[in-house]
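Residue numbering begins at 1 within each chain, and the chains themselves are lettered A, B, C and D in the order written.
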Amino acid sequence: MTELIDRTGTETQEAPVVELSMQQAVNRALRVLLAEDPDVLVFGEDVGTLGGVFRVTDGLQKEFGDRRVFDTPLAESAIMGMAVGLAMNGWRPVPELQFDGFAYPAIDQIVNQVARMNYRTRGAAPMPITLRLPSFGGIQAPEHHGESLEAIFAHTPGLKVVAPSDPGDAYTLLLQAVRSDDPVVYMEPKARYWERRPVQLREPDEPIGTSRIVRPGRHATLVAWGAMVHRCVQAAELAAEDGVELEVLDLRWLKPIDAEGLAASVARTRRAVVVHEAPLTAGLGAEVSALVTENCFRDLAAPVQRVTGFDVPYPAGPLEPQYLPTIDRILLAVQRTLEF
Amino acid sequence: MPTHESAGQGSATVDHLAPDLARTMYRHMRTARDLDTEAVALQRQGVFPAYVSVRGQEAAQVAAATALDPSRDFVFPTYREMAVALAYGVEMVGYMATHRALWHGGLYDAMESRFGAINAVVGGPVPHAVGWAVGERLRGGEGVALACFGDGASSEGDVHEAMNFAGVYGAPVVFFCQNNRWALSVPNERQVAGGSVAARAAGYGMPGVAVDGNDAGAVHRAVSEAAERARRGEGPTLVEALTYRVEPHSTSDDSARYRDEAEAERWRRHRDPVDLMRRALIEAGYAGEAELDRIDAEARARAEEIRDGVSTAPEPDGSELFTHVYRETTQELARQRRIWQEEVRL
Amino acid sequence: MTELIDRTGTETQEAPVVELSMQQAVNRALRVLLAEDPDVLVFGEDVGTLGGVFRVTDGLQKEFGDRRVFDTPLAESAIMGMAVGLAMNGWRPVPELQFDGFAYPAIDQIVNQVARMNYRTRGAAPMPITLRLPSFGGIQAPEHHGESLEAIFAHTPGLKVVAPSDPGDAYTLLLQAVRSDDPVVYMEPKARYWERRPVQLREPDEPIGTSRIVRPGRHATLVAWGAMVHRCVQAAELAAEDGVELEVLDLRWLKPIDAEGLAASVARTRRAVVVHEAPLTAGLGAEVSALVTENCFRDLAAPVQRVTGFDVPYPAGPLEPQYLPTIDRILLAVQRTLEF
Amino acid sequence: MPTHESAGQGSATVDHLAPDLARTMYRHMRTARDLDTEAVALQRQGVFPAYVSVRGQEAAQVAAATALDPSRDFVFPTYREMAVALAYGVEMVGYMATHRALWHGGLYDAMESRFGAINAVVGGPVPHAVGWAVGERLRGGEGVALACFGDGASSEGDVHEAMNFAGVYGAPVVFFCQNNRWALSVPNERQVAGGSVAARAAGYGMPGVAVDGNDAGAVHRAVSEAAERARRGEGPTLVEALTYRVEPHSTSDDSARYRDEAEAERWRRHRDPVDLMRRALIEAGYAGEAELDRIDAEARARAEEIRDGVSTAPEPDGSELFTHVYRETTQELARQRRIWQEEVRL
């Protein structure tokens, strides 16, 4: 299912190109969603009057009123619990939890309630909830503001999980997430909020669970999501100078994972390196490694390499660059797999 | 401090109820009692792996349910709400199916019934009630949410967060705490700091009412008033029904290990809510012995019918494991379903 | 580090053999711990007067008093938060959360506080907390009473995680967990609580993170923990009738994982099947698969097979046997790996 | 309802304080004010990535700290407790290090200081205070735990659970809420149902006191009385110090987006706690202008010294990533440390 066609392909010609940061692209998508569906509600801590600590919801309350876009008291579990009740009353809730690390107090509602209410009610009470969660590290923030919870969400039956890597995908994938009748955790890579890029504001035209080849290559596949995609592209550019052509696959959907797309790429390159910010052990890289190995065992020339955060709590500022996967570490892993 | 209405009177008050309603309530209470007895028996026979009795809480439960309007309100139950379900009009074979472990959330339609799926997370559904109620106001509806929880649940963070949200948003919620004195083995004294759940309400700027939970009429009045307040847009109320869990926590529990069963026995003997209601109906001249005997017989028949229904209900097919995980399933889950088909179903 | 020596080996001769269920073995261990260290405290919902819903703490309050063994109100987050404060006041807390599924409300305290307080304080405030968590399924219990949270715990930096599979290990590993100055999540397989077995009450004599070969074999390695170890042994017994000798490796420690022990076994057998109750995606089986592949790539004759719960919420009674890995599924996976 | 002491008086009460103590409090407040000013400047200069100001909360913070006994009590701070730390005797270069992002929890010794690591989870450390206090009673100690939290934090489930635990166990805790009217962009009206955090106390059976948080003397009295109650074994108290966050939430925030800054300006001008304290000292005859000027100069010097210390403190070595994860490290972590050494440190 991997989309090999470039963004400039024919079917997307109609979408206008504008220059936007991811923060602006998410804001645009929310605006479209609030306008097109009167059941969409946006709420969370400081998303209303302030417009969010990252200004992602900037102007929405003004435009759509404080019944559609509103602040909540400071309680993450109740935010997600309220979303459940709103969904049961026919709304399409788009709650925000302010930072990754503050999703933990809401994990019970997310895992035990949001993710399984449709199941528990045998389909009577669907949960068309999209949790927007500013995620991942790289911005020298205080403790608990740089965490990567994708492995927990991906392990949870009933959830779907997506992490865009650039403004264009951020726009399109959010439309897709919110319009879906299943609960989706939408992880926004904070470190990529601000860089402006030419963006096509595309309607979703691929099924949920489709990955994307960001850069084609033939010597090895780099698998990443969120902010690490950009880093992998940088690594690939450097490798290209030495004649090593790395394919960069942006997984995008972390549940369901595009097993076919992964397998197709690795079948071509015979080597894979998965890169993520979360700690190594039981991170989603393990799932990618296991999946690839299961599907491409005979093709694989080397074991899948994992380049990840270390098994340590996310550190403060000066240590952050030493914790996060560096371009050097990615290239060393590429070298290991090429020389295996 | 919260108002205590007829707490510890050892009687039921029915004068403020229309005779018809009072008889209906009695019928539900009696049916629930009989169904409860049947359920305990089914557990002994091995038909139910376990059961949580509502015995002694029939007044609180039936009164709360009959104080609501099932055409526009919505109930958010715990795992111990059988008599609420019955009186609210839930399809009871589907409800009891949870106790036969046929499906965790029950087999009734939660949305049609306007009665949420049975929820085993203590405190967990309380914020749902608030969300539902906020949503109801947003769309201009007049429905009220009933959030059921126990004395033990009052300790959970979710219940606090929900009450605060409800207060801030002025949401039409009735927080309905059945304080049956016990949370599994832990009594109120070691569970509820300050001793009163109803007293917590003031801290959220909402009325808190403590009411004799074994007096169906008193509970009915308190919940009705709370619901009407909410309907008028005046926000949430906390109603604490003071009652007693006369049975062990569940059929897996042995309450003699942690309490003096003589106390439970006193509640059974002197404050049984079904007995109190029967006596009150007669005293008020709302019904004679003969009529009540007829209701009793009908209740028994209904309970037996539900018992038979749930005993013979078909087990869900294994494929249901996969059916309801998503609205739109995934390739991966479809693959796993095939594995199940090939390797498990055989 | 895998202990190949059988329980009857010389160094354990002194330990008396008694017949005990796991529930009794855990009770014994708690008694030893309470007796030997006045700083040990046992608390949780219903652990005091009642002695726990599984009677694991039966008699402890009577023997050690209600200052050492006590009930808490019904609030999981506060139970773990209280443990943090007790540890900061010099105690050695052994809290219980009543069931796996009710650990979710405490995840924030476990991940953001318990697991990283030693790190946050640069070693000033160690957290010698052992969380006892009745875990896993197989007992036809209500919703939320059959969950497997090991992947979440194993992914959390700062935690150690262990799951015994039999009464003997339950005893020894609990002693080791509680005496450790690091926080340990000790997952008790409920389905194995009641079967009585001859048990040696051994003092810990292996490092934390040591796996155990429960049954030696040479055609493939079955990797499991908790209740699934027993099931793997049953599968191995059946396979043996057909001349297939399966090695069963009880991982025991789910963090740190015994990578060496795993590699040593798979290097011999060249094939591995990992079995767990948790859902497949991002389960700990992925980590085992990735680890084994990284360490044994050239030795592996087939990709590591995963036999796990499905990616669905843990189901009610009648569907439970269809959700949990069956002996058939294990043997089919063995067949797949042998025929690869 | 909780007692309101001198709320909104626009003055500080010092008559009940020993002159020495009052002067010491003033010194801490002035030092905190100067250090705060330095910190904001350091952020502008790019030395601190961000800073959370305590400006306007110096009275509440210093008074709470000086009402305790640092040799036996224990403070559980949030991320906005600089003046508490200062007045409690915490090593301040180590404290301020958190704002330079040198180490999340700060670089002081939390156990030696009897002042927990800086904690960024809103509400998260409050149950720790209760656990510590329960543990203190268990070992027969007389220490008291101070649980710091904000008005926003009062909405979190953890705070409720902690208060209920403290009530049930009669734990020696002072719940110290600095209600600075704002939780980031959300004002009390949309945060605290019922409008009063102190009013929540009654629901847990503990005293709740609302006090003018800009009156150092009033806060000192309230916290002292609460601490003494706790020390006597009479259980927890909730003290709500009513104050105002005159600065934006943090240096990353732009409060003009959500509030009328004229209100903040009024608090700065008419209710500045340092000014009020200075005036009260003079009026009470506890100090003359000259002496206060001398204290001001000393405070400035101390603040500058701390500023210089934190500005020049060495960055932690990357190996510290691995040092404190466990007391007893694992083979796997040792392996990862080697990878770091070979691939990152280079």
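What we mean here is this: a contact is a pair of C-beta atoms (placed from the backbone, for glycine too) under 8 Å apart; a residue touches a chain by one contact, two chains touch by 3 or more.
Just so it is clear, the model here is predicted, and its values are computed rather than measured.
Engineer: Among A-B, C-D or B-C, whose interface repeats A-D's (more than half the contact pairs identical)?
Structural biologist: Matching more than half of the contact pairs of A-D: B-C.
Engineer: Have a look at A-B versus B-C and report the one with more C-beta pairs in contact.
Structural biologist: A-B
Engineer: Averaging only over C-alpha atoms, locate the centres of chain A and chain C and give their separation in whole Å.
Structural biologist: Once rounded, the distance between the two centres reads 32 Å.
Engineer: Report, in whole Å, the distance between the mean C-alpha point of chain B and the mean C-alpha point of chain C.
Structural biologist: 36
Engineer: How many angstrom between the C-alpha centroids of chain D and chain B?
Structural biologist: Inter-chain centre distance comes to 44 Å.
Engineer: For chain A and chain B, let me know how many angstrom lie between their CA-based centres, rounded off.
Structural biologist: The answer is 40 Å.
Engineer: Mark out which residues of chain C touch at least two other chains, giving numbers and ranges.
Structural biologist: Counting only residues that touch two or more other chains, chain C contributes 73, 75, 77-78, 101, 105, 108, 112, 119-120, 143-144, 157-158, 255, 257, 281, 310-313.
Engineer: Among the residues of chain B, pick out those that touch two or more other chains and give their numbers.
Structural biologist: Expected reply: 103-105, 121, 155-158, 161, 164-165, 168, 190-193, 320, 325, 332-333.
Engineer: List the residues on chain B that touch chain C in their complex, please.
Structural biologist: For this pair, the touching residues of chain B are 49-50, 79, 98, 100-105, 120-123, 152-153, 155-158, 183-186, 190-193, 252-253, 257-258, 315-316, 318, 320-322, 325, 332-333, 336-337, 339-340, 343-346.
Engineer: In their complex, what parts of chain A are in touch with chain C?
Structural biologist: Going by the criterion above, the answer is residues 77, 101, 104-105, 107-108, 111-112, 115-116, 119-120, 143-144, 151-152, 154-158, 255, 257, 278-279, 281-287, 289-291, 293-294, 297, 302-306, 310-313, 340.
Engineer: Looking at the complex, which residues from chain C come into contact with chain B?
Structural biologist: Touch residues, chain C against chain B: 45-46, 48-51, 53, 71, 73-75, 77-78, 101-102, 105, 140-145, 280-281, 310-313, 315-319, 322-323, 326, 328-329, 332.
Engineer: Which bits of chain D are touching chain B when the two form their complex?
Structural biologist: My answer: residues 154-161, 163-168, 190-196, 199-206.
Engineer: Note which residues of chain A are touching chain B in the complex, please.
Structural biologist: On the chain A side, the touching residues are 41, 67, 72-73, 75, 77-78, 80-91, 93, 108-109, 112-113, 117-126, 157-158, 160, 180-182, 208-209, 255-257, 259-260.
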